[in-house]
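Next, two complexes with chain A in common: one pairs it with chain B, the other with chain C.
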Partner chain A sequence: MIIISLNSDKNKEKTYSWLVMLKIKSLVEELAHVVGADNVVWEKEDLIVYEYDGSIDRSLPLAVVLPGSAAEVSKCVKISNKYNCSIVARGAGTGLSGGAVPLKQSLVICLTRLKRIIEVDEKNRLSVVEPGVVNIKLSDAIKDKGLFYAPDPSSQKACTIGGNVSENAGGPHCFSLGVTTNHVLGMEIVLSNGEITWIGAKSRSYTGYDLRGAFIGSEGTFGIITKIIVRLMKIPESVSTILAAFKSMDDASNTVSEVISAGMIPAALEMMDRITIEACEPVYNPKYPKGSEAVLLIEIDGITESVKEEIDIVKKICTQNNSIEIRQANNESDRVKLWETRKGAIGAYGTIAPTYYLVDGVVPRTKLTEVLREVKNIGRKLEVTIGNVFHAGDGNIHPAILFDGRKKTEVNQAIRAGGEILEVCVKAGGALSGEHGIGTEKQDYMRLVFNEEDLRAMKKLRAAFVQTDKNVDVEKFNPYKIFPRGSNDDEIYKLNDPEFYPTGGEEWA
Partner chain B sequence: MAESISKKTTKAFRGNGKFPESELYQCVNCGFCLESCPTYIETGLETESPRGRISLMKAANEGRIELTDNVISHWDMCLQCRACETACPSGVKYGFLMENTKLILETSRRKTFLKSLLWYLGILIVNKRSLLYMLGNIIKFYQKSGIQLAIRTIGLKHLLPEKLKKIEQNIPTISTNFFHPNSKTYMPSSNAETKGKISILAGCVMCITDSQAIESTIRVLTRNGYEVQVPKDQQCCGALQMHSGYKNTTVELAKKNIDVLMSNNPDFIVSCSAGCGAQLKTYDHLFEEKDDYYEKSVIFSNITKDIHELLVEIDFKKPVIAIDSTVTYQDPCHMVNVQKIYDSPRKILKSIPGLNFVETTQRDMCCGAAGTYSITQPIMSEILGNKKAKVLIKTKSHIIATSNPGCAIQLRSSFERLKTSETQNVPEVNYVIELLDRAYGNGE
Partner chain C sequence: MCNGTNINNELLKFAVDGITPKVIEHPSSIRELSELLLHCNQENTGMIPFGGKTRIHIGNTPLNYSVAVNLEKLPKYINHEPGDMTVVASSNVIVRELSEQLKIYDQKLPFEVEQSSYATIGGSVASDAEGRPQSSNGGIRDWIIGMENLTNTGQITKSGGRVVKNVQGYDLHKLHIGGFGSLGVIKDCAFKLQPIAEQTESIITTFDDFDTVSSLYMQIFNFHFVPESMVLSNKTSDENTIRLSLRLCGRKVGVERQKKEILNLFGENHLIEPHIISNDDQINYWDTLPTQKSELKIKISTTPLNIVPTIKFVKSVADSKSVKMRYLSDFAFGNIMIDFFDCNNESAISIIDEINSQINNLLQALVIQKCDTTLKNHFDVFFLEDSNKPVMLRIKNQYDPNRIFNAGRFAGRL
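Let's turn to the complex of A and B:
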């Protein structure tokens, strides 16, 4: 993690030389000519609100531009090429791995104005949307047609589909339905030379390479998405959700394993621990039974009869594993109430500490119990508070390390704890990220999983998308992300260095 | 000069126990609030979002930025509708943070002479009832004498600068008769025993724009068996002043209101305006435990009820006269986000025979009235007003029911604008309490 902590002196606003100022001014003027002056943000104070996303890292952009169409995006890319500056595409900025934090003093292209739902094809169950469409707004718009868009990250009320595609977002319901890549058929993208092109198509069969698959989850390093074709799903006939409270994490983890080995595929299978419960209690007031160490949220959907049958089996498994209370929701409003706490859990950590570092490791489901125990030990050893809220069904754990970002020692402890947790995950045969992406947050841990050879191969794939010339280098889009710092090409990052200018260094000075 | 003022202010912002830091840093930057914010949805700009505004507060608190006009303009763009509070998973008290920010700004904001004069006059008018009625009479004369018509039709309007033109459009229609709080006791209409005593806060703007709604409130309460008073020397509730950063004025008004409204030992204090009600219910936040008024203010806030809330709690008499109209309810922000009253007005409307109640979409969106916002930010206010009006027209309602004077004024003028541009039948705007009164037979 790069950690540009809130109070670090290095993050004091850089002062540009007058020559650089002149260049920035002319860049801003050219952009304003394309998108209108109201849609370019450049004043020093305003840029502060574009230095962050939902994660901890921070870095100021050069300027922010909000184009209103794919053609305008293309024009902005071309202008940025002229000025040798890199680009970071941004949606709502709710990501948790620093994906939208503009390193290398990039120009931010913010796509929140591209929020039209262009087409809904009920018969073929697909929809064409712009990247700035908010995840839940799509499902809301097609609800009366009996359809929905499946990936449902916890931030779905605010995050954009463009951001979801870039990070290959997951969500509670991705256990049975798959993550974003399983729901995107194709997209229109703008390449580094400003060219607008399509990859994938409305039909599900392609000939040739599946570039769509490569692009999804590329964290904005390949190009900028300007339109997306998504698959829509039919709303299941019946949904039933139960919430079960347990006196120990082990009981809850065992329940998860048993539910799945009983042959069921719940629509969602979520767990929260005591710290998370305590954080949520004052905000959502769910009144979980006293002494609950863990709460499970299990949702079954499908045909009415089978839902009833399966729910009964699940309840039985919960009771066998010493559940102290089971609540069941059969109608929509009760369901929303049960889910509310889970979906707001991460933000609710604000009631405990001002900053959280949300780890996103994946472990084989069978190892859940022991990994969680290890996480607890790490917390005890390093004296940090760690809350757990996660997708138990996928083995995608989210230990949330709670600390005060204004205190340097706490920041360091939190980073250490995060690193150790990821090591435990990888050792258990898991992965670094389930759904948040690598970004700046986990880039330094990439070597836990990949060797130099692997990293080089990934860079070659990026180079296939980003065409370089004398003005465009391979770090054109979302620079300095994903790959570990100081990797084989010996890129030495000069972050926070006041002498550091956008690509081209001297040319700017 | 300007430089030195802003430097001083940043210092004021910087802790020293003045700015509530623990509340400020409760925001963890998750961004859940974004889509609840009307100005963010409209502009797509992080600078016009709750998270952005809090980040600017943090930056000011940390001394990273000066309080330039540009920074202040983002805080000023906030409607203080507090929809973000309902979306916030961390329970950040955004309204409280905003009030504190405004408080700091008000002592240091650079203002032109004209602007400060206007602010001074504005505050004076809502503080002094006689001046308010005078203004009401001036506007009434302007509207009734035909000057307004002349200005609007002959095209003199085009001579006005853009902002003033928008403000001219937003001038509310003034009631024929003003309401004067007069300490008269209204006895229960039936001969049955009195259920209790009620003091009403009539509000300031409402007395000159919607006096009929206050009269309806009195009639409805007497019909339900209550003895009602509208004490004479009551003041403005102080909401507008508080939201603009005039805390001292607000405290003074609160003290007077506590004295006047509690003088006859009422069982309840009732407000029929959502904005006033929200303010009265938080009078206890204005005082600290060591203050003389603290205890009184706690009692005061505890017995304050919104009229709809009270009616549902006391299981109001069901009306018998039918109103054969399609009606939808527009939630005032300070009703639903601050007082958390959602069901009560709906229950009242649904109890009226013949009334076809329909729900509208985007219920959580502010109409853009937001107190003084329609005057200080006329452009954004108009955009939001039009948006709201269009959504409401889609419900095909004959009547839009609401419960706040700001919303009522804003909706009426928004409908008026749409009527001229798209020539269609627009719904009427009424208070829920007026409709209930009508269904009771207007006290006859």
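Let's turn to the complex of A and C:
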């Protein structure tokens, strides 16, 4: 992710002809008729809030509508069809890959008013929620029933469950419990013709193709989610967390491998490197031992007796791998303290540089040591500072490239470094993204992993969901995302449309 | 192109619903298979890919079935990365072979399919085989991280990846899991693995009435732990005694604790002494648990709370027709497998009609897994919900416009 202020966004200067203005006016009036005038945003200065998410790209929407029910979403989609405009769904806009950035002057449908927890079925351990429910609010609401919702992205205080489903979000505790797709049973969706339908079900098996599974992680390109059936988990009886400091990254990485080889699946297994530690010291004052090159946060949960035994084994492995200090939290407040630096690490990078770009590659766990070394070399070669704070258990690295976004040369170097890191991940047998998605940020790297045939097969799936009739534009929802520009099907997918410019890419390439 | 065998006896072995193929192909390389698919597509020739043939009976009657494709001779491979806890296996690998390979490193596939000495990886994935211990582990869908497939034009496409976590492009492989080979041929699958637990023990107990069992298993479901497996069954179709089989696994101390709590609960309810088994006895017990086979088998999927009411309802329908039944339900996962015995077609149709009339699509799903071929003219064995039909049809049209893959057999007779 890059947080920079792009003042030169062409869209902002864009003025519409009077004919277009008339069309927009009429569209806005129709939308207002459905959702109420207060729930339509169309003045340029108000639209600026919706031109970006947590990524580099920016682009102004045509208008923004905030429906209050699935029926209203459906009506808005039907209205958009009359005006031939594409739609971008938006949750909290915390996405880090440009997913909610409205390219092609789309109409943004913002789901934040759909924030009801409709049903909590304690006995069957499931809940039906609207997509605008903020992730943490669900777990908060069911805590006193002894339940929680497992996927916990670090952004969980802000991001919505609808956004999580669209990105197939992960989080620190997804190592043992699985990612969003493992916890969503079904969804109510609105298709391109405005039809409201259910995919998946309250039961875990259903007949026909797994439409639910195919929809999850489709980054808003298939339709709009208006209700979600999620699985709930029982809060574990015991949780124990340790923090172990090491004098080398290799020692920390070996510890990760050995913990897993010992047949344990910790609830979380997170790592921070020296640069991250240095960024956190002045902010959270964790007082990590001098000379720490890496810190591991390992959490074990489950039945009390097992937790006690496993945490002892983990501590022994840490010691055998030359850990210089081990801290253990056995109560909630100590635990919160240990997690504080990990959860706040990304913000703390501000003590080193004003801007960060968070890469999201995944590598096989056994290749962590060599990949982290290569990341370091890339930093040295391109003269950029790179911090590392990541989900070590599942090999999901998050190198944070730290730079000054006001300096164009630094921005260029950051983007180059990000690209080179992704290449290293793919070469090691890994993936472009572990949880943030492709969006616009990584679309041009898709060919590192997929060939034209793979991409064509994926486009067919999009067409199957979107083309409720032959004339519907396949790019109706979230245009110009995921697929690399310049692919064979550009004609069909209109990727050469002059309107298409991920602004960041064009400005800074 | 490989040579087809057309000896009559051989053809009969590959008959589906009484329809024999014209030819059996045994491609020995991906290239041969690819050319075969391209040829079938160009000629509009329908084909059925065969794994271990243990679930080939599931599906509607085939349309346009000319070529049986036996995948046995294709290159077999298992790429296991113990340190990453992942494995990539070609579709013709036998599930049991794979399990044995993983066991060397104290790892396992987190799901378990029956008949694993015949069942192939491809067939199990394509038919989303319901394993027994899914209560806490989830199903095949939860553990596949990537896949390679052959398309109707013989091209190889991939989706997902080889690492435990990846979100890159669409999860196309989700369509092939439980797609019964209707969109392409699965070349290989990448799985996330689990360590084999230090200790596994099973507790088996019996009940005379559904009300007691229903309240007890809801209490167990609400413990801080969920047993790895929770199965409710009647021992045989001739018995009404209800049997609850629980499998506990984890660290030794953890299993002891789970056992203690469950036994306490049973004691409080004055149940007869439950039977506890461990080690090999237990493997044998779980392997033979589902053995009673019938000619009419259905699967109902529902929520945990609905399991007992559903079994009771089906039982009342079967009783009213004097038909015996055996049920086996994976409690937390919500699957109920029901076998009916001595059931003529007329009774079968009315039983299934009655069950189907009570199916609420958001709560339950019904599939006929095995039946007399004549019944397949009467029902779409998958009972697909109308609202999903258009998008499923569009998916089939995109990937198999000429209807060569398992034509007519999938949900909605696609």
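As a convention for this text, the second predicted complex is superposed on the first by the 474 of 509 C-alpha atoms of A that agree within 3 Å, B and C clash if a C-alpha of one lies under 4 Å from a C-alpha of the other, contacts with A are read in each partner's own complex, and residues count from 1 in each chain.
Operating definition for what follows: a contact is a pair of C-beta atoms (placed from the backbone, for glycine too) under 8 Å apart; a residue touches a chain by one contact, two chains touch by 3 or more.
Predicted model, so just to flag it, every value in this text is computed and none were measured.
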item	value
Which of chain B and chain C A:K123 touches, first, second, both or neither	second
Touching partner for A:D210 - first (chain B), second (chain C), both, neither	second
Partner chain in contact with A:V134 - chain B first, chain C second, else both or neither	first
Touching partner for A:M21 - first (chain B), second (chain C), both, neither	neither
Of chain C and chain B, partner touching more chain A residues	C
Which superposed partner A:R462 touches (first chain B, second chain C, both, neither)	second
Touched partner set for A:Y52, first chain B, second chain C, both or neither	first
Overlap of chain C and chain B interfaces on chain A (superposed complexes)	none
Residue numbers on chain A that touch chain B, as the complex places them	6-7, 12-13, 41, 43-46, 48-50, 52-54, 66, 92-94, 110, 112-113, 115, 132, 134, 137, 155, 157-159, 282-283, 343-351, 354-356, 404, 406
Interfacial residue positions of chain B with respect to chain A in the complex	25-35, 44-47, 49, 51-52, 55-56, 58-59, 62, 64-66, 68, 70-71, 74, 87-92
Chain A contact footprint on chain C (complex, rising order)	81-86, 106, 128, 130, 134, 138-139, 141-142, 151, 155-159, 161-172, 174-175, 177-179, 183, 194-196, 198, 218, 221-226, 250-251, 253-254, 256-258, 299, 301-306, 333-335, 361-367, 382-385, 387-388, 390-392, 394-395, 397-399, 410-412
Residue ranges of chain A in contact with chain C within the complex	121, 123-126, 167-168, 170, 174, 178-179, 181-182, 186, 191, 197-199, 201-211, 213-214, 216-218, 234, 236-237, 257, 260-261, 263-265, 302-306, 308-310, 362-366, 391, 394-396, 429-438, 442, 446, 449-450, 453-458, 460-465, 467-468, 482
